[in-house]
Each structure stands twice: as C-alpha cells, then as structure tokens.
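Take a look at the structures listed below.
In what follows, chain A forms one complex with chain B and a second complex with chain C.
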Partner chain A sequence: MSEASQSLAWSFSRAFAIASNTFREAVRMKLFLAMTTLAICSLASSFFFREFNFGSSELKFITDFGFGGMSVFGSALAVIVSAQLFYGEIEHRTAMTLLAKPIHRSEFVLGKFMGAWSTVLCFLAMLTLCLIAALWWRETSLMAEYPDSFQSGRIVQYGSLLGFAFAQALRIGILCSVVILFSTYASSSLFAMVMGVLIWIVGQLQHIATEAWGAVDSWILKGIYAFVSYALPNLHLFDVGEGAALGENLSLVLYAKLAAYALLYGTFYLAIASASFNRREL
Partner chain B sequence: MGHSTWRSQALASIDVSSNRRIIPFALLGALILGAVLAPLDRSIRLELGQGSEVESLRRLDSQFGQGLSVAILGGYRSVAANLVWLAKNENWEQRDFGGTLAKIALATSIDPRPEMFWLNGSRIIANDMPAWEVGDPNTDILFQSPEGRAIVQDFGKRALAFLEGSRPYHARNSDILLEEGMIYWRKLEDLEAASQRILEATRGENPPYHAFRLYGEILTRMGRKEEALRFLESHYLTLPDNSYDAMKVVVADRIRALREELESKAN
Partner chain C sequence: MTPAIAIDNLTKDFRIPGAKQRLRAVESLSLTIEQGGIYGLLGPNGSGKSTTIKIVLGLLSPSSGDCRVFDLPSSNPAARKRVGYLPEAPYFQRFLTGRELLQYFGRLSGLSRERLHERIDSLLARVGLEDAGDRRIGAYSKGMLQRIGMAQALIGDPELLILDEPTAGVDPVGAADIATLIMGLKEEGKTILLCSHLLSQVEAICDRVAIMGKGRLLREGTIESLTRDAGDGALRIEGLASGARAEIEALAVERGGEVVRSSKSLEDLFLELARSDGEETEQ
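So, the complex of A and B:
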C-alpha cells in the first residue's frame, strides 16, 4: 500500500468505478454469453422433455428447469467470473497499474466483488424474464385448452419466481465473495475456481454434515462435521424453489432472514479478503 | 519512535507469506460466525420445511450413481424424480416387488409434491402387486378364497401406509383422500373408514364431482339411505348445468331412485 493511499479516505465511489469497469469487462466475455445461451437453451429444452414428465404438472416441470438453470449455471458463472476478473488482474499485472493510483486495496476487493456479482445478477435477471415469459405463454395455452383446470385463474405464482431469483442472487453473492477471498490467496486462477466449486458443493451439502454430526459416535468425525457445520455457509437454505413456484407464498420475513444471512457471510468473507489482499505482495 | 514510523516499519516487514498468517484468525472468525448464525439457519430451515435428505441421496448414489444427486443439489429436483419414476417402469414390467417399491419411495422422497407419484404408486401397490403375488392364471383366487382376500388386504394396507407419507404435503388433497377411501372400500372392505375418507375428500381442495356421487353411493351401501338422499339433494343444488363431469342427470336419477325406494319402504 502506498503512503498516498494510507492517508486517503475510504470511498465508495472509487469502488463503484472499479465495479462498473469490471461489469463492462465481464459482460463482454464470451463465457458470459455462452453461459446465458446455455441456460436459456436448458429452459427451452423443458418443452422438448415434456414427454419425460410423469409426475409433476407441466408448468412445474418447466419451472424446475428454469430454477435449475439459475442455480447451476448461475453458480458456475459466479465461480468462473469472480476468479477470472479478480485473479486475472493480478495475473496480467493490470492490478498493479490500478493500485499504483491513490486507491485502497479494500476498495479494489469490494469493486471487483460488486462487478462480478452484478454480472451474475444480470444473468439471473435475463433468465428470470425468460422463465416468466415461457410460463406465461404455456399457461395461457393450457388455460385455453383446459379451462376447467384454471377456474380460479392462473396457478403460477409469478411473484414467487422473483422471490426465488432473489434468493439465488443472495446465494451467488456469498459464492462470489468466497471465490474473491480465495483469489487473494491464490497463485493461479484455477486454484480459486477449484476452491470456489468445492465451497459451492460442500456449502450445498452443509446441512447433511449438521445432520450427521449428531448421528455419529466417533469424536473425530463429530469434530469434522461440527467444523463443516459451523465454518461454512449453508447454501441449501437458498433452495426456496420447492414450493415457491406453484402455490406456496413464502413470507417477506423469510426473505429478510435469508438476506441477513447472506449479508453477514458476504461481509465476513470480503473483510477477510481485504485483510488478505492488503498483506499480499503483487 | 513515532506512531506513523512504527506503522510503516510494521507494514514493511510484511512479506509474501504474511497474508497466510491471517488464516487461523479467518477460520476462528468463520466458526464464531457459524455459531452465531446457527439459530437463524435453524429458523430458516424450519420455515422452509427442509427435511432430511441423507437417506434419499444415499439411495440415489447407490442406484443411479452421483449424477442424479448432483442434479438434485443443483436444483433439477423434479427432473431427477421423473427419471427415477421412469427407471421404476423397468422394475414394474419385470414384476420386481423390491425394485418397484424402492423406486416409488425414492421418487416421492426426492419430489413429494406431484400427487401423480402418490396416486399411481398406491395403485401399483394395491392393484398390481396382489396379481403379481399369485400370478396371472390365478387372479381369480384373489376374489374367491380367504387366502386371496388376505393378500389383497395386505397390499391394501401397504398402499394406505404409503399414502400416509403424502400427508405432510397433501393433507387436504381430495384425489388422495378419495384414493384412500377407495382402498378402504374395495380392498379392505371397511365401509365405515371408506365413507369417512370419501367425506373428507368432498371437503378437501378442489373435490371432483364423482367424490360426491361416491359418498352418496357408499352411504346407500351402508344402509344409510335417508342420509344419502339428503346428501345428494344438497349436492344436486350446487351442480352446474353445462358440465359433463358434474353429471347432473345421473345425480337426479339417483335421487329419484332413492326417493322411490324410501317411499315404497314407507308404504
């Protein structure tokens, strides 16, 4: 850290400037376009796979494909984009040019996080719009075909689709902050990506470690499960799509709790990332 | 030594590996944060009704490899459940009791919301499995001999136990309540329990028109004809004229027949 930046007051506007540059860079990436196209194709494929749908209603099946696309492709995009955008700057030495200016490293960390996160938010927004359009179109066709099944009006809870997208945005926010934390330690972007994917999988399974913790006798296993239960965020909490699409309206309090959970974890990881990056020699 | 000089020297002493020194503090912080947020975690899980997935994931891994587990964890839950249901058809064609039951249970544990899994699953257990048990040439004994009826009753009870699992997700689902009523009626020959379930079905969510006609019929079979007449008369008043499913003419004929029967008995 330069002497100039030590005496400089911390500024959100500099972080926003870095974020907007990062966002512009990210949306021009071929990967972003490829992921978005893949996710939309996955949603569209639900119309072709309708004949393989045996149990659930057709609308729920389409919704499930849309939710799966948001969750899987969104998480993959979060991991790759965060690692590429953060570590890429260190790898290509462009970070040195930027950090030579009067700027705090924590502003750089926050800016990169906001840039990466807003890129994935953009992806989520596009997929949500496509999902709403697909469901609206199909529901309208079904209403004309089977009016008796829709006597009380439309059955898809479109507000809940937005709720699911919001929950995914929070989950992906945690994931972006974790990948940025690992990028501050990493000596290659691959390491940051692999760690990000591992945290994604283990975070998704964290509730199983919590269940297993009480069920095993071995103290060593108990210790491992307890560590995983407490040290990692439970990303499964954000899987609110089960009842959200057709029927159940989740309370605003629940969304507020999820937001608080994500905010605390995200802030913690970014604080550690800033502390780590402050001490890193570039 | 001034404060700023001391700070500069301290910062200068930090080397490449110094950011690794904060790892123990980061881990400790993560553990403390996890412990602090544990009540919030529990409260969210409770509100979402997220149950245990250990058993269904373990069975998925052992039967289908880890691909489907990843699909579930990634969010493609109903897709995975449909694939399990599809795989079940092979066991069903081979009349494999264990495989069919295991996959029906697995499909409903992965995605318990589609009522079709519950309805078709219970029909396979209650209707198909007794025939598998005795073999196609001997299906007559299911209706004629006490041993055959015992087999039908045994599978009927298993189907009811299976449908009991749908309760947390479909407590007021008329189709499932009606299915239970029909199993009590046709398989266990317990008209009292059947009538209670069918009555519940008429009071459940979106009850089908035939649930009302069935309740009238079972009351008649139980000898409670005045009650059946009153029930069908009140139901008749709610029926629309232009719906085929409502079968208003059939209900009117049944009311007329019951009135004539009761009047002839009174005379």
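So, the complex of A and C:
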C-alpha cells in the first residue's frame, strides 16, 4: 500500500471533539463565571443613574453600558480564554497525549479556536439577553411614567441590539484567531495575551494607518502603513453600536460584509497558526 | 513482516536559546523493533529515551536520519492510528472524569458512539477503575492516573503501545498488576515499547532491550544474550576452603563437566554501562 493511500483524512468530527472539550474546560474555569458576573454587574450598575431621572435618554445610557460591557469584557475574555485554552494544553503537557493520537495539528488549532470562540459567544449571548431584558423592563416602566415621550410606541431597536451582538461576535472571532496564532509559537501564555491585547488596540486604530498610507511620502512609512492596513484587521469596522443605540436600523448588507471580512481574516490567521503549529516541537 | 518501529541513523539536535552550539539529544541511533513482544528502552535520565519516543510519536522531527512506524514516516498522523501512548507523568485534563477522558480520546481515535460505550466499559473494568470512572481525574491517586492512562492508550485498540514509565509512583501491588496487564497485551499479539527504570520488572517481562546513554545506543539484544555476554566469569562457591575450590574446578573439567560462570543481572549491566559512559564523557 502506498504512503499516499495511508494518509489520514482531515476530519471536522475530530476538530469538533476538541472544540467541545475546550468549551467544557472553559465553562468549568472560574474565570468564565467571574467575567459574566462582572459584566452583568456593570450592566446593573447603569440602573443607579435612574436617580438623575434622565427620562427616555436613560435607555440610551443603559444601552451604551451594555454595549461597553459586551465589547470590553468580551474582548478581554477572548484574549484570556484563547491564550489559556490553547497554550495551557502545551504548558500542562496535555497536548502531548492529545497529539499522540491520530489527529492533524490543524484539527487541533481549529478545534481550539472553535472552543474558545464558542465560549465567548456564550458570554455575549448571556449579556445580550440581560441587556434586552433590562431595556425592556425599564422601557415599560418609562412608558408608564412618561407616556408623551412614547407616543409612537417603543423606541429601543431590539433588532439592532442583536445586530450589535452579531458584530461583536465576529470581531471577537478575529481576536480569538489572532491570539491562537500567537499561542502556537509563544513560550508563555502571558506573551500570547499581551500580543492579543496589542492587536486589539492596534486593530481598533488600524483605520488611522490606512488613512495615513496615502498621505505620507516616505516609502518606509508607506510600507509600514501598508503592512498594518493589510495584515492587521480593522476592528473599528465592527463598532456599529453608536448607530444601533440611536435607533438606526443597520442594513443586512453591512452585516454580510462584516461577516465576510471576519471570515477572511479569521481564515488567514488560522491558516498561519496551523502552519506555525505544524513546525512546533513539543 | 514490517517492523513496528524502524529507526535509521537518527540524530536530534536542540537549539539552545542564546547559544551558538546545539544540544545533541540523540546521536546516530539505529533500532529495529519487530512486531510482537515487549521491547525495553533503558537509559539514565538524559540518555535520549524520551526524545526518541517523541520522534516516534511525531511530536518532534528528526534533525537527520529516518524514523518509520509500520513503514510510515513517524511525522505522518496516519502512523498513529496503530499506536497507543502512555506518557511518563500522566498529563490528562483534570477537569474531566475518567469516562469523559476515554470518550474524548475515543472520538479522536475515530471510534463510533456505539463501539465507544462498549469499549469504555470493558477498558475501565480491565484497568480496575469501573467504580471510579465517573470521578474527576483531578481526584485520582497516582496509581489510578497510570491505570486511566493505560486505558486511554488502549482506547483505539492499537497494535503498538508505547509505555513511558507505566509503573512510576505506583505501589508494588499496583506495579505487579500493570506488569500482568502488559503481559496480557503481549499475549494478544501487541507490540509494546516499554521505558522503565524498574529494571527487575524490565528483566522479567521484556524480550529485548536497548540501553541508551548520552543519546547513543550502548547495547541492544535479548536480555539473555546481553547478561550472558556481560558476565564477569565469577564462580560463586560457598562454604569451601580456598584450596578446595581449585580442586573442584579441575575435577569438574576432568570429569567432562562444565563450570557455569554466573551472569550479571540486567541491573548490574545497566549500572556498569551508565557509569562507564559517564566517565568516558567526563574524560
């Protein structure tokens, strides 16, 4: 029998097995519980501003708090969970037993990514539900209190809230894939986390580099700006919160474009991560 | 028959961060492990055993030379379909129960859901953990960890088992149970590559051994041939005066008998080789 006929077919089922185990580990980590509690508490704290009697603008305040929690805590959780769940397997040497099984390293990389991402998706889903419940409850109270401000019915665009959560899920997917890429050759989980935070910050400011690209004359600077513009994702694109909070309905085309953008960058980073992890000696 | 493991002129160097020179962990190692039987891989700490095992498992790539498992390059994941591995210290996900761990590794080994349940029950019974299968691994004792490790190594019904210190930290009764289990696996026709510092156990159960030192192969062969060849010719006679001993030897030969020289134990041979290898390196 030739060697080619004895190759191991790539399997999604093995990647899913790794993903579900990763998710189980993340849920059993106390960190997940701590972050969720913290985010819900931050959302609940927005209710203290009721004392200022903002009327209907109080709803925007709660929405902004909720969006902030989803964005900041979601990104932080993505960085920590991805680094911990991927690098932790190398650090605790469980990866050795795992990779001694008939699996491709790219299945391991994809499985870890799916496990980490689904963990943060759960967190986002919980927070979104809490935000919707909080807004619904407060809006109902305000409608009874200030009927004049609500003559045309409810003012919160609940569909846009889901749209914002979807955009954050995509943004966090990119962030998870970046952290996993760094974890494949990191020598500590701290390094992967620090790099993840740096990419998060640079990604938020990436549009500045894109704008500066055309404005500079130096070829060196042009090269740096070009690299930052293409190699790093523009995470600012996913900040659709302002429009959603103002009750503006965002088009489905925008969400489709964001999904395609996230898919492109996520696939790019995971492909590099797989190539890097294939070369890693355990 | 295709050898279970064929290592040809294998060398492995590691880069030392910040240094120009490299650390040579394995040097020009050639070994052939045929199918069936128990093969012992011995050597003091730092002799290159673990590096060799990691190359066989595809966790490390050789710097030069070739390593094949059932005639497939060890870097090919397909080679590991026929291999089960028990690591030295049991590195398992401590948040899982024993049963969950076997389910996880069973799924990775490609077992169907129906077959998996049946296999897990039989393996838990075989390693004596049928009552502890639903307990978290984090709460297992060292002996239980080794036993669940044996079970996960066997989950895919492999033809080749690589057992790295399977009795480390296990009490004598547990070690004897594991030895019995290994012997049973041999009878089923499996090939076992055993790394152990427990030389009396290796001597009792291995068919062939290789002794490594400083990354090189020092000796290889059946235990009988190695210990016989290494015998120092000592004749042990007790309860006789010294003068009478020569007379007895001469008499034995004269009468057509044979004076059987005592052979060294594997442990004596191992210690001698390890010490002389260390002295040579120092010089």
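In the analysis below, the second predicted complex is superposed on the first by the 257 of 282 C-alpha atoms of A that agree within 3 Å, B and C clash if a C-alpha of one lies under 4 Å from a C-alpha of the other, contacts with A are read in each partner's own complex, and residues count from 1 in each chain.
One rule holds in what follows: a residue touches a chain if its C-beta (ideal position, glycine included) is under 8 Å from a C-beta of that chain, and two chains touch if they have at least 3 such contacts.
Everything quoted here is computed from the prediction, not taken from an experiment.
Novice: So in the superposed three-chain picture, is A:E281 touching just chain B, just chain C, both, or none of them (first/second/both/neither)?
Specialist: both
Novice: Looking at A:A231, would you say it contacts chain B, chain C, both, or neither? Reply first, second, both or neither.
Specialist: First partner only.
Novice: Return first, second, both or neither, reflecting whether A:V120 touches chain B, chain C, both chains, or no partner chain.
Specialist: The answer is neither, since A:V120 touches no partner chain.
Novice: I'd like to know which partner A:P102 touches here: chain B for first, chain C for second, both or neither.
Specialist: second
Novice: Of the two partners chain B and chain C, which one touches more residues belonging to chain A?
Specialist: For chain A, the partner with the higher number of touched residues is B.
Novice: In the superposed arrangement, which partner chain does A:R28 touch: chain B (first), chain C (second), both, or neither?
Specialist: After superposing on A, A:R28 lies in contact with chain C but is clear of chain B.
Novice: Where does A:K257 make contact in the superposed view: on chain B (first), on chain C (second), on both, or on neither?
Specialist: first
Novice: Would you sort A:G68 into first (chain B), second (chain C), both or neither based on which partner it touches?
Specialist: The first partner, chain B, only.
Novice: Is A:R14 in contact with chain B, with chain C, with both, or with neither (first, second, both, neither)?
Specialist: A:R14: touches chain C, not chain B.
Novice: Which partner chains sit in contact with A:I201 here, chain B, chain C, both or neither? Use first/second/both/neither.
Specialist: The first partner, chain B, only.
Novice: Show which residues of chain A both chain B and chain C reach, each in its own complex.
Specialist: Shared contact residues on chain A: 3, 281.
Novice: Which chain A residues qualify as touching chain B in the complex?
Specialist: 1, 3, 49, 52-57, 60-61, 64-65, 67-68, 70-72, 75, 148, 184-185, 201, 204-205, 207-208, 211-212, 227, 229-234, 236-237, 239-243, 250-251, 254, 257-258, 260-261, 264-265, 268, 272, 275-281
Novice: Quick check on the complex: what are the chain C residues that touch chain A?
Specialist: 54, 57-61, 72-73, 76-78, 80-81, 83, 85, 87, 89, 91-93, 95-96, 104-105, 107-110, 152, 156
Novice: Mind pulling up the chain A residues that touch chain C in the complex?
Specialist: Touching chain C: residues 3, 6-8, 11, 13-14, 17-18, 21, 24-25, 28, 92-94, 96-104, 281-282 of chain A.
Novice: Which bits of chain B are touching chain A when the two form their complex?
Specialist: Chain B residues touching chain A: 8, 11, 14-16, 18-22, 26-27, 29-31, 33-35, 37-38, 40-41, 43-45, 47-50, 52-54, 57, 71, 73-79, 81-83, 85-86, 107, 111, 113-114, 116-117, 243, 245.
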